[in-house]
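The structures come next, written out as structure tokens.
Next come two complexes built around chain A: one with chain B, the other with chain C.
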Partner chain A sequence: MRGIYKIYPPEVLALENVDWSLKKGEVHSIVGENGAGKSTLMKILSGLIKPSSGKIFIKDCHVIFSAPYQAMKMGIGMVHQEFMLIPSFKVYENVILGSEKDLSKFGGLLDKRKAKSIIKSLSEAYGFEIDINAAASDISVAAQQKVEILKQMFRKVEIVIMDEPTAVLTPQEIEELFGRLRKLKEMGKTIVFISHKLDEVLEISDRITVMRKGKKVDTILNKDITKNVLANMMVGRDVIFRVNKPFKTPGKAVLEVDNITVNSIKRKTLGPVRFNVYEGEILGLAGIEGNGQFELVEALIGAMALSSGKISVKGIDVTNIAIRDRRKYIGFVSEDRKYTGLALKGSIKENLIMTHHIKNEMHNLPFTINWNKGEIFAQRLIKDFSIVCRSISEQCISLSGGNQQKVVVAREFTLNTPFLLLDQPARGLDVGTIEFIHKKILDMREHGIAILLISADLDELFNLSDRLMVMREGKITGILDPSETTKEDLGAYMLGVKENV
Partner chain B sequence: MNFFAVLLKESINSATPILLAALGGAFTYYANVFNIAMEGMMLTGAYFGVIGSYFFGSWAIGLLFAIISSIILSTLFSFFAVYLHSDEFVTGIAINMLALGGTTYLLRSTFHVKGAFISSKIISIPSWKIPFLDHIPLLGKVISGYSAIVYIGFLLAIIVDIVIFHTSFGLRLRATGEEEVATRSLGINPLTVKFISAVLSGLFCGIAGAFLSLGYINLFSENMSNGRGWISLTIIILVKARPLGILLLSLLFGFFGALGVMLQNSSIPPQFTSMAPYIATLFALYVYSKQKRKGSL
Partner chain C sequence: MSRFRKFIVGILGLIVGLILSILIVKMQGKSPLEVYKALFGYSLGSLLSIISTLNAATPLILTGLSAAMAWDAGAINLGQPGQFLIGAITAALLGIYLPFPVWISIPLILIGAAAAGALWSGLAAFFRQKYNMDEFVSTLMLNFIAEYFTTYLVTYPFLDPKAYVASTTAIRKAFTLATPDQFNKGIYLAVLVAIFTWWIVKRWGIGYEWHMIGLNQRFAAVGGCKTERDYSLAMLYSGALSGLAGGILILGGTQHRFMKGIGGNFGWDGVMLAMIANNDVIMTVIFAFFFGALKAGGIGMEFDTSVPSEFILVIEAIIVISVVATRATIDLYGGKLKALVKTRRVVKNS
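Moving on to the complex of A and B:
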């Protein structure tokens, strides 16, 4: 690819004079912060979007793609971050869709038996263990990803572009994915791996291209390179991975969770759970997804009714009060910023003043909002949390993931609640934004806020937490001191090998 | 012929236009095009069927006219609803009103009659007598001697089922309806698929319209589709457009329609008897929602 530009009118320069090459049989990673242009570049290569200028050459032949199927014909396929599957279709139907013409007989009648046998042997050849007759909506995310890869293999693609494939996977699944990618490489396929997780990139790639703000910084061979050098290239300055946090003696109990349980129709899903979070303390909650974290969050914010037990904040019983009243005591960063955290179609201003709008200073008359005050307030948050946006009335949907998360964090951290519930606050963000959000979390700790941090990222938990708590099957199975615990040890608690409560 | 044989025969006759329109609507249903214009397409088909048959003296040309006019209307619908992304509901209402007003106007200006146009020059679609079966007493009367379109309608239910669930086109159709973005990423143009689905619904509604004015009876009257397109829509939604489900429910609605007509000879006021199909619709909706609730728990 030579001299690629992509301009989004009126004046957003997404890619600027990018030259990039790919060698047969390599695993080539592209790293960069959100908005650096990595996905845009690959979408151009896969024919999904057209470049504003520049040329693409394959084996020295100049090619022009105006639709994905043309790129596919040249052997280029992309596995998108958001999977392109039809939920109700069976696995094999998803694989053949769009290329099913070869499997038809008598003018369009599908030869399902033949299709199934081809897909089955293909899936076995690559060592995918997958039920080809299951509906796509019934299988796990990792399995859906396998289907996406199978789709590319069925189309005899030579170059597979994977856009942030690990973002949706658990650590074990990531290992499996890497195994599969290595196998694909052995079979002579070329793989492009887009990511912003540096450890993964260093593990899997032959070459690494670093991008920043729409420009290519460099393409380097993956040897003798360290994570710090790579991060520096990516962000343009040194990044501190180890967070320095001053020692603090915890204060009084702020959040008191007293033997709460949640029962669903079928079984007990949470509890009994009992713990406190103290003033100026970050309590990290570890656990494999689906072990009661969801229920705990829902119970704390008041979206799910308790079957028994009591929750109080600063001595005030909040067990049975409405969500709106609870928000005076509990700030909440949801793991799902797109649906729970934000009203995506609302403006940045509207999203920033949500909940703040109930306060008296936002009113002139009852039931009205003083938008002037709202605007001043929102402007201040945009500045304090360095949210990058074109205007205050821009819809949140057009912001990058990192900036969306900053909007949520800005709103929740300024509610002046004594307790903050943070559910995966840095999931899917780039290193620069993660660093920023971690700094803000530590600021809140300095101010004596009690924080419960739920995370799947063990580094994050170890860096930030004052205490670690492990949940398994709806119960607390361990309370650990991060300074005296290793990751492996924590893993053993998460898997239920060890318990200390 | 006894009462029940007549009732059965009438049921099948009044089920046929509903069945055909609903089968056409099944295509748009699976393509996720909210098509409520079946009523208007059917009415237009009925009118132009009469035109073709009357002026050219041939039922075949009548049928052809019906199909072409209905397809033109469906193309108009998809031009707005699919290509221009106008609201499907509003567009559908507009098409239905255009069809009602347009056919009424054309009826009056062409034939200078109000209400209905009856003429011996309207050639009807021939009815088929099935050999052998026709001679069986009673049974022969019930299963033989319908307009050709009735048999074609039953056959089409099976064909549509095969097309939607067992062909390449069906796969693309259902994929488009469910996840447009994903379908586009695989090199399929969702707009084309949606457009074809609308044309197919036009084709089927045209046949349904021709059956109304050239098969069932031999005349055109204002608003002669009389809500059948809406009943088709109800059926489509109730059975999630499974073609064989459509066949079954069409027969059920046909039965209530026929019952309504036949009860007109009894002492029950005709205003009440003609409510039968609509009461049946509400009842079906009730049963359906009840079941859906049970299923979700």
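Moving on to the complex of A and C:
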């Protein structure tokens, strides 16, 4: 790719004069801050979007893609950051979607049997254990990702581009994925790997490209480089991975969860679960996704009713009060910033003022909102949390992922609640932003806020938590001291090999 | 988009629409010049025409707002026609039978009409809360029920035997809101209500919550918005606006009674207005006046040229499509053009 520029309408400069090359058979990683243009560059390579200027060469041949299928024909396929499966379709139907023409019999009917057998043998060849007759909506995220990869293999691509494939996976699943990627490499495929987790990048890549603000900083061989060097290249300054955490004796219990259970028809039930979070304490909750975390969060925030038990914050029983009233005591950063954390089409101002709008400070009359105060408030948050945007009236959808998350964090951390519920607060963010958010979390701890931190990232848990709690199959199976526990140990608890409660 | 840009884009769409209608008139073998002269003359050409424009705009403001504010809150109320009819029949009956003096009766009638409209949309809100039935479907169904129900009322129990179409008897003379030259003073109320609506939507807490629920219901709920209460209130207020439109038409219109088929298309026109205005309160009001002019002009056009006044419906539809399409086109190609210009600049500079 030579001299690539991309300007999104109307005037977002996403890529600026990028030269980039890919060698056959390599695993090539791309790293960079949120909004650096990684996805954009790869979308151009896979024909999903057109560059504003610049050329693509494959084996010295100038190619122009105006649709993904053309790139596909040249052997280039992409697994996107957001999966693009049709939920109601079965796995094999999703795999053949778009290329069903090659499978027709009697000049039009789909040869289902043939399709299934091809896909079955493909999935066996690559060691994917997957039920090709299951509906896409019923399978786990990791399995959905396998389907996406299978889709590329079915189309016989030579170059597989994976955009942040590990962001949605558990540590075990990541290992599996890496095994699969290595296998693909052995079979002669070329892989492009985008990730924010530098350890992963260092583990799997042959070469690494670093991007910053739409430009390519450099492409380097993965030899004798460290995480710190890489991070420095990405953000242009040193990044501290290990936050230093002053010792603090926890105070009184703030959140008291007393034997709660949740029974729902479709999902696994939760409980009975019992724990406290204390003043000035960060309690880290570890566990493989889908082991009751979702239910716990919904129950705490009040979006799901308890079947039994009691929740109280600062001695106030909140078990049966509405979300609106609960939010006086609970700040909440959702793992799902696009659908729960933000109204993407709303302005930054509107998003920042949510929940604050209930408070008296924001009112003239009891029922009106004082937008002057609202604007001053929004401006202050933008400054305090260094949110990069053009104006407070800009839509959140046009912000980079990192800045979107900063909007959520800024809003929730300024609610003055005694308890903060943080569900994957750093998922999908670049190292610089993670450092920033971790600092803010520790600030809150300094202020005596009780914090429950749910995370799939073990480094994050070990870095921040004062205590670790493991959840498995809806129950708490371990309470651990992070300074006396190893990652492997924690993994054993998460998998259910060990228990101590 | 800034309000100014919205306005300009709207005007551009109107122009495209008018040009397209010229072509259609031409194809019919009529003279576009004459048609437009008549349209203009009868909508703005004299005091009388201006009055009829304002009279037509009055219910449109309210039904338009009814659709716009509900949709903005994510409540897909499509029941403006039904709520309008129910409001109108309530006003007509109260206007016949209320024994009180004028100063108390008129407010009572108008409140009654609004309440009746709210009741009608409230039914849909109830079905949704209780049985999870989409208001999008139920409000449409309630339109039919309202139509047949009011027709029944004016055909049997409240039929004025002296009238030559199915209708109630006239309301008490003293209750009319029309001046001797047929000007409907109800427009003052409509404009006041519009201002009040703007105030709620833009400045009240519930207006903010409505907008956020419309954008992302789950986000709003987790953020502490009272989503169910807000939804119900949006539906009720929306229905009240349409009901009030019906009430004002009875009190200030030319018939002073409820006749079968009264109000014609005011409900659906409101739906169109909200669409063109992109649910914006101020734009809805501006377009209501414009559509009022079209309606008034259309009736005149029928007198002067042999083009039937129904043709105005065609023009309206063309305008809706061209405004919406122009908006989308300008957004799309405007952005692309800007990107192209910037690309040129950036590539050259490096």
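Just so it is clear, the second predicted complex is superposed on the first by the 492 of 501 C-alpha atoms of A that agree within 3 Å, B and C clash if a C-alpha of one lies under 4 Å from a C-alpha of the other, contacts with A are read in each partner's own complex, and residues count from 1 in each chain.
Just so we're on the same page, contacts are C-beta pairs under 8 Å (C-beta built on N, C-alpha and C of every residue); 3 or more make two chains touch, one makes a residue touch a chain.
Please read all numbers here as calculations on a predicted model, not as lab measurements.
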| item | value |
| --- | --- |
| Room on chain A for both chain B and chain C (clash or fit) | fit |
| Vertex chain A angle, Cα centres of chain C and chain B, expressed to the nearest 10 degrees | 40 |
| Which of chain B and chain C A:315 touches, first, second, both or neither | neither |
| A:68 touches, of chain B and chain C: first, second, both or neither? | first |
| First (chain B), second (chain C), both or neither touched by A:98 | first |
| First, second, both or neither for A:339, with chain B first and chain C second | second |
| Which superposed partner A:301 touches (first chain B, second chain C, both, neither) | second |
| First, second, both or neither for A:367, with chain B first and chain C second | second |
| Touching partner for A:48 - first (chain B), second (chain C), both, neither | first |
| Partner contacting more residues of chain A (chain B vs chain C) | C |
| Which of chain B and chain C A:87 touches, first, second, both or neither | first |
| Least C-alpha distance (whole Å) that remains between chain C and chain B when both complexes are overlaid | 6 |
| Touching both chain B and chain C, residues of chain A | none |
| Chain C partner contacts - residues on chain A that touch it in the complex | 5, 7-11, 13, 16-17, 52-53, 301, 303, 322-324, 326-327, 332, 334, 339-346, 350, 353-355, 357-358, 363, 367-369, 371 |
| Chain A to chain B touching residues, read off their complex | 48, 67-69, 72, 80, 83-89, 93, 96-101, 103-104, 108-110, 112 |
| Residues of chain C defined as touching chain A within the complex | 203-209, 211-212, 215-216, 218-226, 332, 334-336, 338-340, 342-343, 346-347, 350 |
| Of all residues in chain B, those that touch chain A in their complex | 162, 166-172, 174-175, 178-179, 181-188 |
